[in-house]
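Each of the two complexes below includes subunit A, the first together with subunit B, the second together with subunit C.
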Partner chain A sequence: MIGIIDYGSGNVAAIMNVLRRKRIAHFLSGKPSELAEARSYILPGVGAFDPTMEALTRSGIVAALNEQVLEKRKNVLGICVGMHLLAEGSDEGMAPGLGWIRGRVRRIETARLDRPKLPHMGWNSVSPSGQSPLFRGIDADRGFYFLHSYYFAAADQADVAARVEYGEAMPCAVERGNVFGVQFHPEKSHSNGTRLFENFAELG
Partner chain B sequence: MTDRPYQICTNCVMDTSDSQITFDEHGVCDHCRGFERDVLPKWHPDEQGRQEVARTVERIKRSGEGKEFDSILGMSGGLDSSYMLHLVVKEFGLRPLVFHVDGGWNSDIAVNNIEMLVGKLGLDLYTEVINWEEMRDFQLAFFKAGVPHLDIPQDHAFIATLYHFANKHGIKYILNGGNISTECVRNPKEWLYYGTDSAQLKDIQRQFGTRNLKSYPFSSILFHKVYLRYLRGVQVFKPLNLLPYTKQQAIDTLSREYGWKAYPQKHFESRFTRFYEGYWLPTRFGYDTRRVQFSSLILTKQMSREDALRALEQPAYDPATIDDDFEYIASKLRIPVDELRRYHEMPRKTYRDYRNREWMFDLGARVLKAIGVEGATKR
Partner chain C sequence: MLRSRIVPSLLLRDGGLVKTRQFADDKYVGDPINAVKIFNEKEVDELAIFDIDATAQRHEPDYDLLKSIAAESRMPLCYGGGVTTAAQASRLLQLGFEKISINSAAVARPQLVREMADAIGTQSVVVTIDVRKAGLLGRHAIYTGNGRRQTKLKLTDFLGEVEALGAGEVIVNAIDRDGMMQGYDLALSRTVRDAISIPMTMLGGAGSPADMEQLIETVGTVGAAAGSLFVFTGVYRAVLISYARPAGAEPNG
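Up next, the complex of A and B:
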């Protein structure tokens, strides 16, 4: 069972729709005790960094997840702001992140864009950088749906699983051991997105 | 298209490029006469309108008590929907579900405008992303069909998503930015055919499409006009008709309070529509949607006929960048530029060349007009 982490923010309905359609077992919960039962986790996120981090800490989820992810080595997939939370901190706020993958969330540099427009919104192709299991069978040219103004600047390039080009190349997927994060919205990316969720579910 | 001699209305700027237009003995067209006769007497953007707004807002709030949303609002990033969002959230205190349909053609300005507005108002934006492979195929089918109404794949997806969301969330009030002030003259049916005639949509896709549209959102008129309206009691509220609303004042408010940026022309929030209304329709069919837009502004006293005529002398597209636009559109549709040019030159078709339920839509429009729900009808 995948536990989708519910902290009262983010539109999780779209994620659950995809999982339901693909008959991937899952449940939604914000209770640490219930979440402990999950085999892996999806950490969604729509909104700003600080309020999200705050909501997670207050509800005891951070402590619970640290145990499940760092000690029990369960897989976790952060999406959009959920991916940002994996970092050590963010330009968007003051709160420290979970720090599971080294690096910092930075604002997309508009000065270097030929189309100086934020947010980066719409479909974009991606370039997977290695053999990430998440991107198996993905049509990288077709790509994914993006909606963001910040990106995960990973400290260690080995942690970057894919990049996207928007003015400049930036990481759009990170991966370190059992911790995964994607900047784009697989739940809005139709067949590619569905495939990515299936890939994640297959990891166990 | 017809052998009719050229004539232009003496009051607005509609002309015989609208083949069904008629003129009276003063040379005034039926759009203008219809406006005076059917629309003006029922348009009260004054104290009467304000009272109606207050009553309706009260009803909407009551219907939403204890629910996450009390209404639904579709956001294109264009002027009307942007201003309406400001109005209903900031001034009326409503809690709409705000959604945006991304058909793949958002302009950079539109994306920015949506973000600024939603961000400053502290709202969650629900983005419905259309499957691009399907959208591309569907739009190409319309190009190949040779018809003027290429915008329908975008338009229909928007309408269908609106109704699906309203239904799914049990929302009873649809906030609609449609307004007399900037849209009282309607696009002739021949130019932009009904976007919800599924018989037409399906026939064109069957003949020219190359794939099944599995996830593209369809909505039939029976679902949204009959089932939702009469069985689920969903109502449409058009606040912009009940208050003083002008294009300039809306632009001023939005840019001052949200850093919103204006578009060079109505509907140009979509890059596709910019190409389509600015270039394709006028150069292939002789249909210039600015005539309709300017005529609306003339009738509601926001533009002089002289200024409109002067503006119409310039093309709606930028000749300096049109080649870039051609390339952009072709590459997004993944066809060679030459192929796109071929569609531009092919024999012209109309909605009548494909299956349609025009009679049903016309009948519906006439009924709505007769019972006073709608003022102007498309013809």
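Up next, the complex of A and C:
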């Protein structure tokens, strides 16, 4: 059972629609007691870093999530700004992140880009870097839908699960133990996105 | 590599979908939820939905209908129509729209672009600009109110202004070309490209995948949006929702 973390940010309706269609058991909740029942988590997030992190902090579930993810080692998948929250901090704001994966959210370097520059928006190919279970069976050329101006610059290259090329190669997926994050929108990426959710669900 | 986006553009009126010609002569083309289901199956790059009555009739976005559309959609969505505050934009984002477009409201109060960027992030703010050739020199003038009111704004100045205020994308809609299916206004597309460094999408005129290919050749990575091309078939405008990409924008091309 996947617990989708409900703290008033993120495209939960579209995520739930994909999970429902694939008969992947899930529920939506922002209550620590209910979330404790989940086997794994999806952390959505849209908007700017600070308001999103503030919404998560205000919801009062950060301590509960730390326990489930860091101590009980339950799997978690951060999506878009939900992925950024996994970092230690962001150039987009002042608030500290969850710090579950070392690194910082940085603005995309635009020097080598022709027009358009930012945001990085549209469908782009991805290059999975190793044997990440999230990318099993994914059509990497077809890739995913991106919509962002900031990316997660992981401190440890071993934590980078996939890269995307836009002006330069940058991480678009991170993975460290039970903590996963993707920059793109799997809920809006057709069959590749559906497959990624199935892969995450299969991890238990 | 980042690919150009092929974007069906759907017009909402009274809860149904219509398609216009030069912003008039609208014809009913079907139910929006059904259209979303078809476009899901066809794995379209992105879908744009505009409520063409909302601003004219001064009503807010139809949140109930939009919620159903967003929940059904497995593709990225842009919505425009009747948005006049950052709070409305936030609400639409929470319903599951990636991008929120403003048009007349941006002309009336450009600062709204900045307020929306602060609330939902610059990447989700779209300004749609309706233009029509006007005057003896055939310059592109900006219109509001579904093409009824000509403004005095200079197109390149306004493009620069909305980019500076925090727009993440501009959709330029050529009124003269709307529904005519005789190709995009390529000169206009070059003008837009040279004026901004944010992503752009052209709308109006696409009659075939070849027209889209021509647009992509002219300006590079771009959004190629179209209405009639994806909802009509044949010269009598029989309704048939379809989706064909030009060769240059194939997922593995």
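In the analysis below, the second predicted complex is superposed on the first by the 202 of 204 C-alpha atoms of A that agree within 3 Å, B and C clash if a C-alpha of one lies under 4 Å from a C-alpha of the other, contacts with A are read in each partner's own complex, and residues count from 1 in each chain.
Here, a residue touches a chain if its C-beta (ideal position, glycine included) is under 8 Å from a C-beta of that chain, and two chains touch if they have at least 3 such contacts.
Every value quoted in this text rests on a predicted model; they were computed, and no experiment measured them.
*Asks:* For the combined arrangement obtained by superposing on subunit A, do subunit B and subunit C clash, or do they fit?
*Replies:* Here the two partners, once superposed via subunit A, clash with each other.
*Asks:* Could you look at A:124 and tell me whether it touches subunit B, subunit C, both or neither (first, second, both, neither)?
*Replies:* In the superposition, A:124 contacts subunit C only.
*Asks:* Considering only touches as defined above, state whether A:8 meets subunit B (first), subunit C (second), both or neither.
*Replies:* In the superposed model, A:8 contacts subunit C only, not subunit B.
*Asks:* Identify which of subunit B and subunit C touches the larger number of residues of subunit A.
*Replies:* C
*Asks:* Under the stated touch criterion, which partner chain does A:17 make contact with: subunit B (first), subunit C (second), both, or neither?
*Replies:* The second partner, subunit C, only.
*Asks:* Could you say whether A:39 touches subunit B, subunit C, both of them, or neither, answering first, second, both or neither?
*Replies:* neither
*Asks:* Pick one for A:165: touches subunit B only (first), subunit C only (second), both, or neither.
*Replies:* Touch partner of A:165: subunit C, not subunit B.
*Asks:* Of the partners subunit B and subunit C, which touch A:142 in the superposed model: first, second, both, neither?
*Replies:* Once the two structures are laid over each other on A, A:142 reaches both partners.
*Asks:* Looking at A:107 after the superposition, I want to know if it touches subunit B, subunit C, both of them or none. Which is it: first, second, both, neither?
*Replies:* After superposition on chain A, A:107 lies in contact with neither partner.
*Asks:* Residue overlap on subunit A between the subunit B contact set and the subunit C contact set?
*Replies:* In subunit A, residues 11, 46-47, 115, 117-119, 121-123, 142, 145, 147, 149, 185, 188-191 are touched by subunit B and also by subunit C.
*Asks:* If we count contacts the way the header does, which residues on subunit B are in touch with subunit A in the complex?
*Replies:* Subunit B reaches subunit A through residues 102, 104, 106, 108-109, 111-112, 115, 124, 126-129, 131-133, 215.
*Asks:* For subunit A, which residues are in contact with subunit B within the complex?
*Replies:* 11, 46-47, 115, 117-119, 121-123, 142, 145, 147, 149, 185, 188-191
*Asks:* Flag every residue of subunit C that touches subunit A in the complex, lowest number first.
*Replies:* Residues 1-5, 40, 43, 45-46, 67, 70-77, 90, 93-96, 98-99, 118-124, 168-169, 193, 196-200, 220-221, 223, 251-252.
*Asks:* How about subunit A: which of its residues touch subunit C in the complex?
*Replies:* Of all residues in subunit A, those touching subunit C are 8-9, 11, 13-14, 16-18, 46-48, 114-125, 139, 141-143, 145-149, 165-166, 185, 187-191, 193-194.
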